[in-house]
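Letters are used for the chains, namely A, B and C, taken in the order the chains are written, and counting of residues starts over at 1 for each.
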């Protein structure tokens, strides 16, 4: 059985051992601490200063719209826009025509014209100032930003508001506070009341939801590691063929390129799934022990985990195989490394699930509603990666077959290496 | 005579074995410039691009030191010569370190021009991070005789820095972004020297 | 300083597997052949002599220098591994120049040496070609050139002719013979023809032990009177293959001419004593030393 032999080859490589160690390390250091205790029930009573029930994100137009519009006016007046292309702050200054575009958005939202905005010279940013009291003591005082008088137009629908925010984000150049990715995160965050905190606690500990809550957090951590490590396993196996000069021996065998590549691919997937399955099983056993009195339903959690993680492993392995075959295994590692780095840095811990990011984050046990809001994006994202992985797999088969028939290596053709044909 | 030999080893290796590492290290530098803001940053903020991404230049330059001799027959031929193979590796480590330091210095200069609050602390901190992270990969690649394992271990070490700041002590990569000081540069450089020294000794004795 | 290699009671282990078992040998100047099956321990012994492997016990001295003194040993030896390969993107000249540098040669010395050796191995025209563009035979000739660059006292070549065409093999053997006039050349092979054509002294190895040592003539002499030929029919042939060690068969019509090894003349009609060649002698050596030989 070829697939057994391929599995054997994968599992016996040092790279796979490191892969399994990485998955185990991520699980043990990040997720296992969450399994030590069940979340505490919120305590009802008078809150001391600095205490609170935490915050949540609520897609409430009444909160979201004024906050976002105020921010946009303030940034227009400052002439600089904060963006977070990799979660690291990047300052963007716009050209005159782009600024006019933002002014048009503000005008549609508030009625304030560009001329009115540009005339307003009393603008002062929000700030903290040192104040000297009569008794000689100093204290820090918060001063609100000085903005022109405006009010949100009553006839603006929430849908139109979202469209305008997308337009503003496009003008700024993406990854701004108004982007789909960051809008809710920045402007829909509200402090939770006791009732909301209790509701979230009950939601987490609800028999129907426990497994789902924990599996979202599990997938959040595992998604990070599974979006990079499979490329090493794949590149390592491709490299092994090159190092042991096996390529041509394999080329000359009867087996079809389709069967060979698919068998290899599925064997790698199977082997790489083993540490994930084992850690997931352990997690589920721990959850059962954490809530012995509850009748926990694991079905949805298992389905969610599969939908979340399998496309990631498939896409990374498939892309790794394609680039290894097309260029070289080391190049596959570099490309995947860059892709992973960008993906890992451009996601908030929760609330920023987009249609395209390789990594999906939801780094909290609660906020189920927030996840539900973004469920459409989540499913499109994962299905997209599933389809992408099928396409790259097919491309790998075609390229492999092409090489097998003696066509030149792509890197040689692209980089025009001066290869002279063997005189043998 | 001996000096000339080292010069020749240096020039041949620069010509034949340095292309891939330097191109990939330049790739990291370009990626850092593209992805991060490098203007008007405070001291701590300015350490972020250097510590969070530029440190991978060390990985790109130091992990491939053993790569040209991954093929055992080439390694045997090289090892059968009078000049020790370890010397060849040390020459490669030295020019890779120089290149890494140059790239870090270049980045710090660019940030200086961008009116960031950067200085020698940033250079030392960035260079030490890059060297230490590179040394981790160098060790893994040398001991396993597998370059893929070298790259993999650096990603693992990098990830560990997100969750294990206290556990990693002076070898925490993002120390300057966190504390604003470059105090850990010394221990990191020392750690890298020890890691690479042990690796070269073990590889030399592996027969 | 004496001009010989002395190996005394050498043991070498790979984990639990013993690769060399109490190996003792004296190798004089000239061509020395190390003959044995694949996996007999020839490469391990060669690498140990080249200071690429450490031994567990025993002593080895090369021209009076203990093998542990790796610096001096590497000045004295030239090594050509089995499946020689080099950095594929270097040109032939660059490759030799680099390896010459690693052998501690000065610029002028390298230039002279490379020009002389390229001519000797007939690769002058390929000096600017990349290593990856050379044919198998050319690569092997480049291998011998790199091993001779620093004019070593000892040349160790591991399976140098495997995979070469007959013309290249002969050319390579002659090159080695020329080289052996002023130094010790140790040639390991499982191709008996190479030994017969090129080596004066040989040792036969099996399962990490030295089974036999001496000259080729002596090896052949020991097998004299033990090799027989006969023209037989198919059913007799089956019987012979079960009973004797068959070293050759040639089908001629209904009859097959068979060549076999036996302690005394087999008792069937037409069986005659044959002239012993090196291959028969090698097989007889394995047989008489009690090695398991699969009857065909």
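Just so we're on the same page, a residue touches a chain if its C-beta (ideal position, glycine included) is under 8 Å from a C-beta of that chain, and two chains touch if they have at least 3 such contacts.
In this text the structure is predicted, and so the values were computed from the model without any measurement.
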item: Chain located farthest away, centre of chain A as origin (C-alpha); value: C
item: Centre-most chain, if every chain is reduced to its averaged C-alpha atoms; value: B
item: For chain A paired with chain C, centre-to-centre distance based on mean C-alpha positions, whole Å; value: 61
item: Distance from chain C to chain B - Cα centre to Cα centre, in angstrom; value: 44
item: Chain A and chain B, separation of their C-alpha mean positions in angstrom; value: 28
item: Residues of chain B whose C-beta touches two or more other chains; value: 71
item: Per-residue multi-chain contacts in chain C, two or more chains; value: none
item: Residues of chain A touching at least two other chains; value: none
item: Interface residues, chain B side, partner chain A - complex; value: 20, 24, 27, 31, 35-37, 39-40, 45, 48-49, 52-53, 56, 70-71, 144, 146-149, 151-153, 155-156, 159-160, 163-164
item: Sites on chain C touched by chain B in the complex; value: 47, 50-54, 71, 74-75, 77-87, 89-90, 94, 97-99, 101-104, 106-107, 143, 146, 150
item: Complex interface listing, chain B residues touching chain C; value: 1-2, 4-5, 8-9, 12, 16-17, 68, 71, 73-74, 76-84, 88, 207
item: Interfacial residue positions of chain A with respect to chain B in the complex; value: 14-15, 18-19, 21-22, 25-26, 29-30, 85-86, 88-91, 224-225, 228-229, 232, 235-236, 239, 243, 329-330, 333-334, 337-338, 341-342, 345
